[in-house]
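Once you scroll down, you'll see the structures, which are given as structure tokens.
Look for subunit A in each of the two complexes below; its partner is subunit B in the first and subunit C in the second.
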Partner chain A sequence: MAPATILVAVFVIAPFFWVIFVSFTNRTLLGRTAVNPEFVGLANYISLFDPVSFFQRGQFGFSLILTTQFVILSALVGQALLGMLLAWLLQSVPKGVKSITETFVIAAWILPEVVIGFAWFAFLDYDNGTLNMIMESLGLPPGDWLLQQPFWVIVIFNVWRGAAFSMMLFNSAFASIPPSYFQAADVAGASSWQKFRDIGLPLIRGHVVTVLILITMWTFNTFTPFLLTNGGPSYRTELISIYTYRVAFRDFDFGKGAAVGVIIMLINLVFALIYLSLGRKRAKGVKT
Partner chain B sequence: MVYKHLVAAGLGLAVVTGTGAAAFAVDLTITCRCVEGGVNSATAEWIKNSVIPGFEARMAEEGREISVSLTEFAGADEQLTQQLALDFSTGAGADISGFDGFLIPSFVDAGLLRSFEDLIGEPAISWEGWDHISEGIRSILSYDGGTYGIGLGTDVRMVFVRADLFEEAGLDAASWEPSSWDDLLEAARALKDAGVDAPLQLNAGVSMGEATTMQGYWMALLGTGEGVVDEEGRWIVESQGILDTLNLYKTIYVDEALGDDRAQLLADGRNRTFANFRDGRTAMLVEGDWFYRSVTAPGSEFALENRDEIMTWKKMPAREPGAGFRGQGHVSVSGGTGFVINPNTDSPQEAWEFLAFMMSQEQMTAFQDYQPGIRSRSDVPIPDSPFLNETSQALLPLTTARPNDADYNSVSMEIQRMTESVVSGELSPEEAMAQYKAAVTSIVGEENTVSLL
Partner chain C sequence: MASVQFKNVSKSFGEFVAVKDMSLEIGDGEFVCLLGPSGCGKTTSLRMIAGLETPTSGSIEIGESDVTFKHPKDRQISMVFQDYALYPHMNLADNIAYPLKVRGESEQNRHKRAQEVADVLKIGHLLERVPAQISGGQQQRTSLARALVYPSKVYLFDEPLSNLDAKLRLEARGFLNHLQRDMGMTAVYVTHDQAEAMALATRIAVMNEGEIVQYAPPIEIYRRPATTFVANFVGNPPMNLLPVEAMIADGGISIRADGLSMDPLPVSARAAKALETGKTLTLGVRPEHLHIAAGGESNTISGKLFANENMGPESLVTLERADAARFTARIFTDDEIRLEQNVSLAFEARHVHLFDADGLRLPFDGE
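Our next item is the complex of A and B:
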């Protein structure tokens, strides 16, 4: 117990309070305030929420809104819906097809991020990208994807990347439903959609909420789109994690970067509390 | 039990390294943005094939075993800055490192560099080389009375021109002497009509980092008679000069598409501008002499065939004749790079000895075989290169330096953002300048800014 406590204290608790402390200073990595940071109170937080610049590109508010759109489109709509659809369709296909599909989808999930990022970059490149070669061979005009549609690129990228995880979770959720329910429905002549709506979905409702919260948290904090777009062009793909990285480690503004970090921690805390309280409710539900 | 083993292992390790330090050689590492066969290839080859073997041999003669290795940094300039800032603040990093002079103030103020006077002492103060390095060059890597590095030399900026493309557009590059921005734009329009895709390239945007500020923004802004700071050192946050400069960008990239705006927005944009020039998509590129010395040099990635016949250069004109900085008709801006010593090095004296050897007359002269240039040392003969002689004679009298100020680096990043927001078409020049004003004011404080409108 003791060594674990020490480890947690050194690597989790201490940095946690350190970040909170730094967020109240104007500490930087370069320049005068690196050696003699001053206590600035809430100035970093106030500047983040400054109404004049809040919605400008490259500012905190813009990044937060962009991240919200990214989470809704790529995680909730894209990953969860696609994952559920795949999982449901896989329930009724032959074993061979099922395992091959699973292998491909999971391959997308287990490959290292850097490899994936580079592969997508090469795929979407304007001059020599695979996608534009395909477009041209079909007689379609090539697209400047990373420059013209950077936001949709990272949305599709993240759907592709994360659908596998939702699929696996939904797969095991569907598998926990006794097969006899479906057999009975089959006898009654129910269609696939009816089975899904009246048996599948109601019985995995608890799992759905868990999956949604988990992928929301992951997507909210993901950094991988940086490998595709560097957060650009003109901050159009600067998600909140990339924004934090830029402020802290490119502009070297540790004070402001820490303030953003604290806000992100609070947002994550809310997600985590919802997740934990759901888990507790379910645990109680099992007991009674 | 486990703890006992760990302690024993730790002690054993301490003993081994402890005795090792006395018996084994000193290891030094040097790093720079230089890769054999890649960026700054000549520098890497010079260090690996001339400086290091020469230094190790000399040390061996004295009975000292010092081995030096070069870490070739392949990333961009900004990434090296990032790496060095983090390394120096955590006690890591190579003993000696390539360094851009304009970053010295912000590193020094942050306590991330120690002056030679302080770190090395007497050997660095009385080094023979200082007698052969001019005050101007020495000041590039100095700040607040301290010397922090030894420079390799200085540079100048100009417009590089593809004479063959000019000819295709019915223009004669040899006799063409642009004396205003309109001259540049007119030539660009003629080239565009003749089928040159992106005839005029003036750097902008965040991803190019300081290259945007130096090769792009400064070169245009100086042509309006202004600098980034006024005579009293206050940062100019609002002025007609800034607006004119942003409008020039707008004309080039947004209104008339005379330049390749993708190159200014994409992450690897600078290499793209080099490739455009090589492939004949760009006919006028504002760049530093490094572009001639290294980028397009024979054998490098962006080498031009028959370079001496198809590539020439012009002085960057002011907005209109005589409207430039100090009333000049043409402008240029200079910086300089060199090498610094890591403040946390275990062997400062050995690192200094290596650096002094590298910057000795013998090694600097040897460098000329790898890449001819005008060196910081006056006792290294200027190579017989018409380009170097002409550009230095024409441009050194016209040139300007950046403010030697710890806030410059942060302000420069705001300049890069301001240009990007105009080039991408997102903001009007007026809006971009308003954002710039707000950002710079929060960096330097309102009392250190001035509005010229």
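Our next item is the complex of A and C:
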């Protein structure tokens, strides 16, 4: 067996089955069940979907709904729309402006997560934060953003973080359209909006679906907002990945954490299957 | 319809100068071909009329208005692109009617008008299809229909036939000629195919290295090429060119080269001036003005037989001289030509072209 196969087996396949196995036990870090975990069947899953507590703060259902809102607002609306808008505007600006914009946007994307987390922390700080300084210089009251609007902070943070990716993909999608298509429309008298609606968007429809699914998957699994809010205050920014982390590695309830992990895997599987089937359709030459 | 004017237009891309100080006037209703090799600036010039490129300096007028910095959509022009630029996701009706759609015409009006234009171009039965389902020739006519569907001041063509095979190209060329006769449109047509330019243009602007070398009606370009470049570019096969020694003697220009025997040519003012400073000229004779010498002709050139190609209605006979220069004769006969190793080709003095050392034409007096 090739070394790569062994590595994949040790670090991917084994944990995969291990998580599924653990999700059916009451394994914990400390105490009796740490040494001798018992098989508990579906108890972990049933407790996650317990209708009494499902929607309560800090519970699985609350986190799932919060994550869904987060995905819709920051990924689908924010990243995809902003990325599309930036990519479209970049089509008609001089080359210099285009490359400068690309450099800045991509910089937001390639910086390490921890660096970005602290940069945003500094930006939002109540006493010395850049945002509050700007607010004050405009005569507006400062805010303790991470406490008052934690959800919107992580939404905007994620839009800022991910719009670059959408922009780059849409950019290359637009670039794949022969320039003469747009020039013919220019000569015919089309406005920028008409060109976008009638030519640009229909011709990159396939790419749009790809981008939407990819950023949905990534945003669904993202953990970076944890650096800003720790999932709080009072669970208000506890996304599903952060919830899993808390249950498994803070409450040390490995069984329950593993059960959440399995559910996340299933949700991701659905996304992946949709993505793959679309890819296969395009490979068959079906024009999207 | 309207005229088009280039006034001292230059265009550079970084270091590269695509068009150099070009001035050109295209009259109302004229069909002008910009002809030249690739990289000569002809497409750049066309795109500046369209507004797809902006001149580095100079100005461009359409009709009476200066459009140098206007957006393409504000110029009232039509353009046919080399790759046709048909939208793959729209059927032909929507493709053809797209310029009307952006003008806010109702769908009913649009499709009625598209049908009319498509019928004229004989693609009316294909309107429900998408571009991928029709042939190259039909795609070409679809893009033409899209250019014709709305009123324009100028019609621009960017090598519209170069993606067609030889047979379709001839057919489309004839059709464009017919259309021009019918509509009397002002058109600017870019091509590197001299036959296309000859067939379609009312005037041809031959371009080389960003400059217009000659701007004249096709027959003038053919009969009196201004430079050796034009002589070599127009005509198929191109004009035979041969460096010769010339001097004024016995009241005429006596011309000498190996294997060449010529009566003295009449002295023209320009030729006399050119011969004051040097004695090397270039002699040009078109292949169709050469025939196999029967003996007794006064103007002949001889060499070894290099090739004898029978094309059906005509034959191309090429001889090679000792200095490896070749001379091709185009002989109109459907008989097979049998030749010895040594060939002599004869021509008449009135078919001779002379160019000075810089390649500029030396006109005969009275030209």
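The definition used in the following text is that the second predicted complex is superposed on the first by the 280 of 288 C-alpha atoms of A that agree within 3 Å, B and C clash if a C-alpha of one lies under 4 Å from a C-alpha of the other, contacts with A are read in each partner's own complex, and residues count from 1 in each chain.
In the analysis below, a residue touches a chain if its C-beta (ideal position, glycine included) is under 8 Å from a C-beta of that chain, and two chains touch if they have at least 3 such contacts.
Given the structure is predicted, the values throughout are model-derived calculations rather than measurements.
Visitor: Return fit or clash for subunit B versus subunit C, each positioned on subunit A through the superposition.
Guide: These partners fit in the superposed model.
Visitor: With the two structures laid over each other on chain A, which partner does A:190 touch: subunit B (first), subunit C (second), both, or neither?
Guide: second
Visitor: Per the overlay, which chain contacts more subunit A residues, subunit B or subunit C?
Guide: Looking at subunit B versus subunit C, the one contacting more residues of subunit A is B.
Visitor: Once the two structures are placed together by chain A, how many degrees is the angle at subunit A between subunit B and subunit C, based on Cα centres and rounded to a multiple of 10?
Guide: Between the subunit B and subunit C centres, as viewed from subunit A, the angle is 150 degrees.
Visitor: For A:147, select first, second, both or neither according to whether it touches subunit B, subunit C, the two together, or no partner.
Guide: first
Visitor: Could you tell me if A:166 is touching subunit B, subunit C, both of them or neither one (first, second, both, neither)?
Guide: neither
Visitor: Using the touch definition from the top, say if A:32 reaches subunit B (first), subunit C (second), both or neither.
Guide: Only subunit B; A:32 stays clear of subunit C.
Visitor: Taking the superposition on A as described, I'd like to know which of subunit B and subunit C A:251 touches: first, second, both or neither.
Guide: After superposing on A, A:251 lies in contact with subunit B but is clear of subunit C.
Visitor: Touch check for A:52: first (subunit B), second (subunit C), both, or neither?
Guide: first
Visitor: After lining up the shared chain so the two structures overlap, which partner does A:219 touch, if you call subunit B first and subunit C second: first, second, both or neither?
Guide: Touch partners of A:219: none, neither subunit B nor subunit C.
Visitor: With both complexes placed on chain A, how many Å separate the closest C-alpha atoms of subunit B and subunit C?
Guide: Least C-alpha distance after superposition: 53 Å.
Visitor: With the touch criterion stated at the top, can you tell me which subunit A residues are shared between the subunit B interface and the subunit C interface?
Guide: Looking at subunit A, the two contact sets are disjoint.
Visitor: Which bits of subunit B are touching subunit A when the two form their complex?
Guide: Against subunit A, subunit B makes touches at 78, 82, 85-86, 89, 103, 106-107, 109-112, 206-207, 262, 265-267, 406-407, 409-410, 413, 417, 420-421, 424, 426, 435, 438, 442.
Visitor: Using the touch definition from the top, list the residues of subunit A that touch subunit C in their complex.
Guide: Touching subunit C: residues 178, 180-181, 183-191, 194, 198-199, 202-203, 287 of subunit A.
Visitor: Would you pull the subunit C residues touching subunit A in the complex into a rising list?
Guide: On the subunit C side, the touching residues are 50-52, 71-73, 75, 77-79, 81-83, 85, 87-89, 98-99, 101-103, 143, 146, 150, 156.
Visitor: What part of subunit A is in contact with subunit B in the complex they form?
Guide: Contacts found on subunit A: 28-32, 34-35, 47, 52-53, 56-58, 126, 144, 146-147, 229-230, 232-234, 249-252.
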